[in-house]
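Across the two complexes that follow, chain A remains constant while its partner is chain B and subsequently chain C.
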Partner chain A sequence: MGSVKGCRWKILVAVKQVSSLEEDFEIRADGRDVEPDFLVRDLNEWDEYSLEEAVKIKEAGAEVEVVAVSVGPEVADEALRKCLAKGADRAIRVWEDAVAGSDSIAVARIVAAVARREKADLVFAGVQSSDHSFASTGTAIAGFLDWPHAAVVNQLAYVQGATRAEVRRELEGGVLQLMEVDCPAVFTIQLGINAPRYASLRSIKQAAAKPIETLCLGDIGLSSADAGEAGSLSRVRRMYVSAKGRAQMIDGTPAEQAARLAAIIKKFTGAGA
Partner chain B sequence: MSGILVIAEHRSGELRPVSLELIGAAQPLKAVTGGPLAVAIVGSGSANFVKSLAVAGVDEILVVPTPGGEPDPDTMAVAIAMLIESRAPGLVLLPHSVDSFGYAGAVAAAGGFGFATDVFQIRFDEGGCVATRGGYGQKVNIEVDFPGRSVAVLAVRSGAFKAPEGESTPAVTVVQMAAPRARARPIEYIEVAAGDDVDMTTAEFILSIGRGIGEEAKVAQFKDLADAVGATLGCSRPIADSGWLPKSRQVGQSGKTASACKLYVAMGVSGAIQHLAGMKHVSTIVAVNSDSAASIFNVATYGIVGDIFAVAEELRSHF
Partner chain C sequence: MIDSQSITRTLFEDFRPLAVTLFYGAGIAATGIFLWGIWIQVRKYRRGARYVLDGSLAARFGDMVGSVLSHRTVRRRDHAVGAAHGLVFFGFALLFVGTSTITLEFDVLKPLFGVRFWYGNFYLWFSLVLDVAGVMLTVGLLYMMYRRGWLKPPKLDYARPDRSPTDPDFDRSAYRIEDWTFLWTLMVIGVTGFVLEAARLVWLAARPEVWNFRWWSPAGAVVACGLRSLGVSATAAGQLRTGLWWFHGVLALAFIALIPFTKVKHIFTASASLMLRDPLASQRLPRVPDSQAAPGYQYITDLNWKQLLNLDACTKCGRCHDACPARATGAPLSPRDVILSLREFANKSLASGTLPDKAELDIHGKNAGQVAMETLWSCRTCMACVEICPVAVEHVPIIVQMRRKLVESGDMDPLLTKTLQTIHKTGNSFGESRRKRPAWTKSLPFTIKDARKEPVDVLWFVGDYASFDPRNQKVSQTFATLLRDAGVDFGLLYEAESNAGNDVRRVGEEGLYEVLADSNVKAMSEATFKSVVTTDPHSYNTIRNEYPDFGGRYEIEHYTTLLRVLLAAGRLKPSRPLNYRVTFHDPCHLGRFNKGYEAPREILKLLGCELIEMGRCRANSFCCGAGGGRIWVADPVGVEKPAQNRIREAAAIEGLQVYVVSCPKDLTMFEDALKTTGNEGRFVVRELIELVHEAVAVPADAAVAGA
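On to the complex of A and B.
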């Protein structure tokens, strides 16, 4: 049990620098991803909530260290700086060329290795990433650590050192589920669990001066066979724009657009009467 | 490794519809994979679902009774690992659902199985199983394969496949398992409180607002618009999470199921994946958004790129 550690309690928050696409984009020459020039990067929205949840536990008066960890190249530092500005105490980024091409499972293996190295007491991850939406990294981290876990948590009752947490999960169709989870544990955190803070100018400045620890696979007891395509359970064969394409666009002035919309509505309500 | 294993899902004594869709996905693949199509149902009372699962294409139903109520994530993980080991399927289909979010990643990680989630197309070619999923907020499709893996575990998107028509008379096998000590224990289900008197599940025409409305003060004008055009006012997650409208007004996968909806007008809703997943059954979707790159235009029937307030004001004048 972590409570006998006698030192600081540690929450590891796994975060991702996600990418969204510009309106017009091109597929890479090998057909397996989008040209990086067309990617707009940001911290994954779900991760804002899991970080905030960890920082809230820290601010509840506990001796807690919040460590943000990300797997990615140098551009991921931006996401980690955001975490530092919003209350993370430390930031760790794992990368080397062999990590490229890792799927959610290979990423989870890396985060789990960092959790072991850090002797984390809890691990938080977002339910999913806004770009590729695997919704599996957090639970796979638990699988590698052989820890208890709960997914899609939208309320968490936990006090530092407790051997159990009570969580509320958000299921489909407006149904919630209460669950009791043994700790240490991995929780995947849902949007809406809290209201993530904005970083102050001062904290952004301070974060810019903080170091980001960079690790390679060897530092966490892994090898190149554990990451990249070799360590993944899937491989991207092809990426393409769906032929199904887009909505039929209604162009014109707002008045003209609204007139078409009004006609669609009237046709529907008229037929329904 | 041959045959297909489908993991059915149930909640509160009811079979979840995606279970039959998984069988529908598996049926045409039987010719390629060979071997039987087996459907497993795990949990207490699982024997009650045998009749509902005896649909066309199913060769065997595996009933895996467990003590206690709903199966916890540890029990599901152990049950699926056991079934994969004993039945040696080449392909395992399970729902991409909140329940499977809680075990699928752990099962795949522990077993080293080929793995993909939110899959909406499955085929086989000389390289083996090829699964198609979305990427970059559903703006591209991604084909993934599983080189060197003898088993592929695919979490399949609900609504992507049709349930099979017709019945079958499958063999029914009860599979006993030693339930692990549950480290995450379900206590109870809670229904989201009504909040107000609206019932989104019966609404046929929903006008929804999203983050694009910008501030709470604008909610009233869209409520007025919805009333005027005869729609029920709904919203996307950010609006409900901010408390601008009750949670009962939220539509999408996590919100109330808008199962009766036939016309959906989404204003300022960018279209997060669960929102789109929860509304894609609607026959006519009209999206109004200032961002021409918004994901919702990929599923909408009609799209209007423009200022939602200007369009709303003009629309109001027609009613």
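On to the complex of A and C.
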């Protein structure tokens, strides 16, 4: 492994393999997550944009290396391969059993440790993940690194080696904010900042041949106390589906529907009278 | 009595030896330039990628000769042009053979062996035949001139739909000059030939062996009489003969010399192209070889030598331009322009002794000779262009190969990107979970066999649209009912079926196509069945023609042939004639791609429908606009869509009741077009399956018992 020959600038892109639910699904026996069989996995949508933004800087510069990092078990390799297919130079996955149960802050601690090890010059993350939606990993990474950050960036002007980046942030009510941020820095990237490229199946297959570096906590100077439930300040207690609403479709001919509707109204108003 | 030996034409009569030498010099020079020109062209073709011909060369040659002699391809959809071209072709060919015959005697047989045959009766018949050939040539050319100058068919307007009027190559006016020069050169050669013949007759009128036999060259004799009535003397005619002889001779030699450099080369390139024709060019697209570094065509040298030759075969006749549904609805695509652009590019970049830098060989872009991505993405891969091309140019594979490059670099509509990602993720273009593929079967009162679990006679490959689109799901349920009623032992692949990949491949995403094809071939290999039936012509095409390359060889049919058999065998019995006045839309992938024209028509007849054909039917069927992945991309707003164009064509049929389709995508496209063209209520769009079901209202008793 090691960095691409001659690369002096490095952008670390934190990515996540997110899960979405199939039409029908079941909650896990312990009641704290969805049964994994019912999950469809993919690269987090926001991360497609942050990776694209990094690759664009790489393509405009001469000596930029883009490193995709994910914290997760082996299934997360699929997301990393997609990053490799879309232009990341290397991919790193951090995992060991002790990492299970980490909250977003603990994950940020791990990514920050990787950023230190890699001597990254910039760190990109998505604004949020589509499954858990904490929107906190990116900013927490900045906290652990003690770097400046800008969240919800929807325009970024940065050239390789610059000491400052100009960013535009998206605020409520259509208000935009232009900022200068001293680098190194962490940016969380908003959807729509660019048009993520298509990773053809051919490039995905070629990426499958590239190695993914897997690290454990010890490799990045952390211990099991820094991750998992031990390293987290929050824990999931229960996951459940809210009770179904009482809405009901009324079938039949228009006349039948009207009669049924009238009966219901009478029942309720009658009860109230 | 005149000695038959003297009934001939003395070559170079009254020429000084120097003049003869000069003429031979000119002849050799012309031949040299001709051969050099051929070398330039051959060198150009050799710079293309490898291509291996299959089949016997002799059979290919035989087919080509058949096509050329019968003018089969030139006559199609334009009989007058076919006839005129035939006159020019056969006239020219006879004149060429005649001149070669003279050379054979004068320069070979006589000097080497003292053999002569060009005199007496042979000479007289020879004169007559060549005079007739000259008249044929002239008449053919006159019609071509009349057509270009007065009839001006729109397809001969070279103005480009993919360029704006300010672009230098917008109207391709250089081609028009070339066209007219070609016609006039041949015309002048032909006419001066007759005048020359006449001048000789007048000049030598005193010789009975010449003048007495003048009517054996009737056209020349008529002109000769004209010259004499104008008072042209023998001496003056002799001078005229000398002058014209040189003019005619030099012009003819120049014509020969320039053949490889002008449109005249189609004599050779069109014949060669016909000989190299791949009858499955669009139906079975090529795989990307493992050795290839990047998929698709980016540089002109990525085209194979056969395709480079195809480019040179194009005569700009405009048949593809006329047939193209994208062009007809204002898209920036004319198949002819794609071919001409690439040809101009090849001629510019591959003509010199050394190859230019890679960067100068890039065929993608908006410069002269390049093809814009908007143009490539406008194509519906409906094969109308390939099907009608009289000289076997195969446009679709070139367009798809160029799209492969665009897909690899991500230059495509965001909607298309999204769809491809969806298909990769879920195996269908609707983004539904795999589990939901057989959901349409749940409302049936019977269970369809799972071909993965129990053997069946017929495996039904349903396809995406028929599985997920609510309107088409009803058709699928109807078809299942028909099969059950007819006692067919059939089953499905259920969740194991994936998008067949036909359109994914035609978009140019070859990697994804391989995944889909492999997945379906694997699923089918795990099921037990005798044959496959599909309700989807797109799936039908790729399974039939392309899956064999992936190890999947099946006996497969479209549902129309199966239903025809069931109806003919009485396993489905129409209880009453439907008596509808209908028209039938040939789906591209069933009709043009796989020649399935008859079965649906026979079914309509068996159902007692009155079929009124649209003007564009069978091989000339007009694409609904959904092919080549275009169903996943929005068409421009405010412009007529191909499906609307088609529905308007059908709407012109007096008293039309049902517009019959036999493809799920057609049902979607045309029901939409029926509404958007304001024809809703005037007639309906229905699947042929629905008509069969309506006719077979009461299921046959035997079938119920068997079910």
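We take it that the second predicted complex is superposed on the first by the 234 of 273 C-alpha atoms of A that agree within 3 Å, B and C clash if a C-alpha of one lies under 4 Å from a C-alpha of the other, contacts with A are read in each partner's own complex, and residues count from 1 in each chain.
Convention: a residue touches a chain if its C-beta (ideal position, glycine included) is under 8 Å from a C-beta of that chain, and two chains touch if they have at least 3 such contacts.
As the structure is a computational prediction, the values presented were derived from the model and not from experiment.
Touch criterion met: A:202 reaches chain C, while chain B stays clear of it.
Looking at the shared chain after the overlay, A:163 reaches neither chain B nor chain C. When the shared chain is aligned, no partner comes close enough to touch A:223: not chain B, not chain C. Of the two partner chains placed around the shared chain by superposition, chain C is the only one that A:42 touches, whereas chain B remains out of contact. Of the two partner chains placed by the overlay, chain B and chain C both lie in contact with A:23. Comparing chain B with chain C, more residues of chain A are touched by B. In the superposition on the C-alpha atoms of chain A, the part of chain A touched by chain B in one complex and by chain C in the other spans residues 22-23.
Listed in rising order, the residues of chain A touching chain B in the complex are 19-23, 25, 27, 34, 103-105, 108-109, 127-128, 130-144, 148-152, 166, 168-182, 185, 188, 190-192, 233-242, 244-250, 254-255, 257-262, 264-266, 268-269, 272.
By the touch criterion stated above, chain B contacts chain A in their complex at residues 11, 72-74, 77, 96-99, 101-110, 112-118, 127, 130-131, 134-137, 139-147, 149, 155, 183-192, 204-205, 229-231, 237-238, 240-241, 247-248, 250, 253-257, 262-263, 265, 272-273, 284-288, 292-293, 297-307, 310-315, 317-319.
Contacts from chain A toward chain C in the complex involve residues 22-24, 40, 42, 195, 197-198, 200-205. Chain contact summary for the complex, chain C toward chain A: residues 288, 295, 407-408, 410, 412, 414, 417, 420-421, 424-426, 433, 435-436, 509-512, 514-515.
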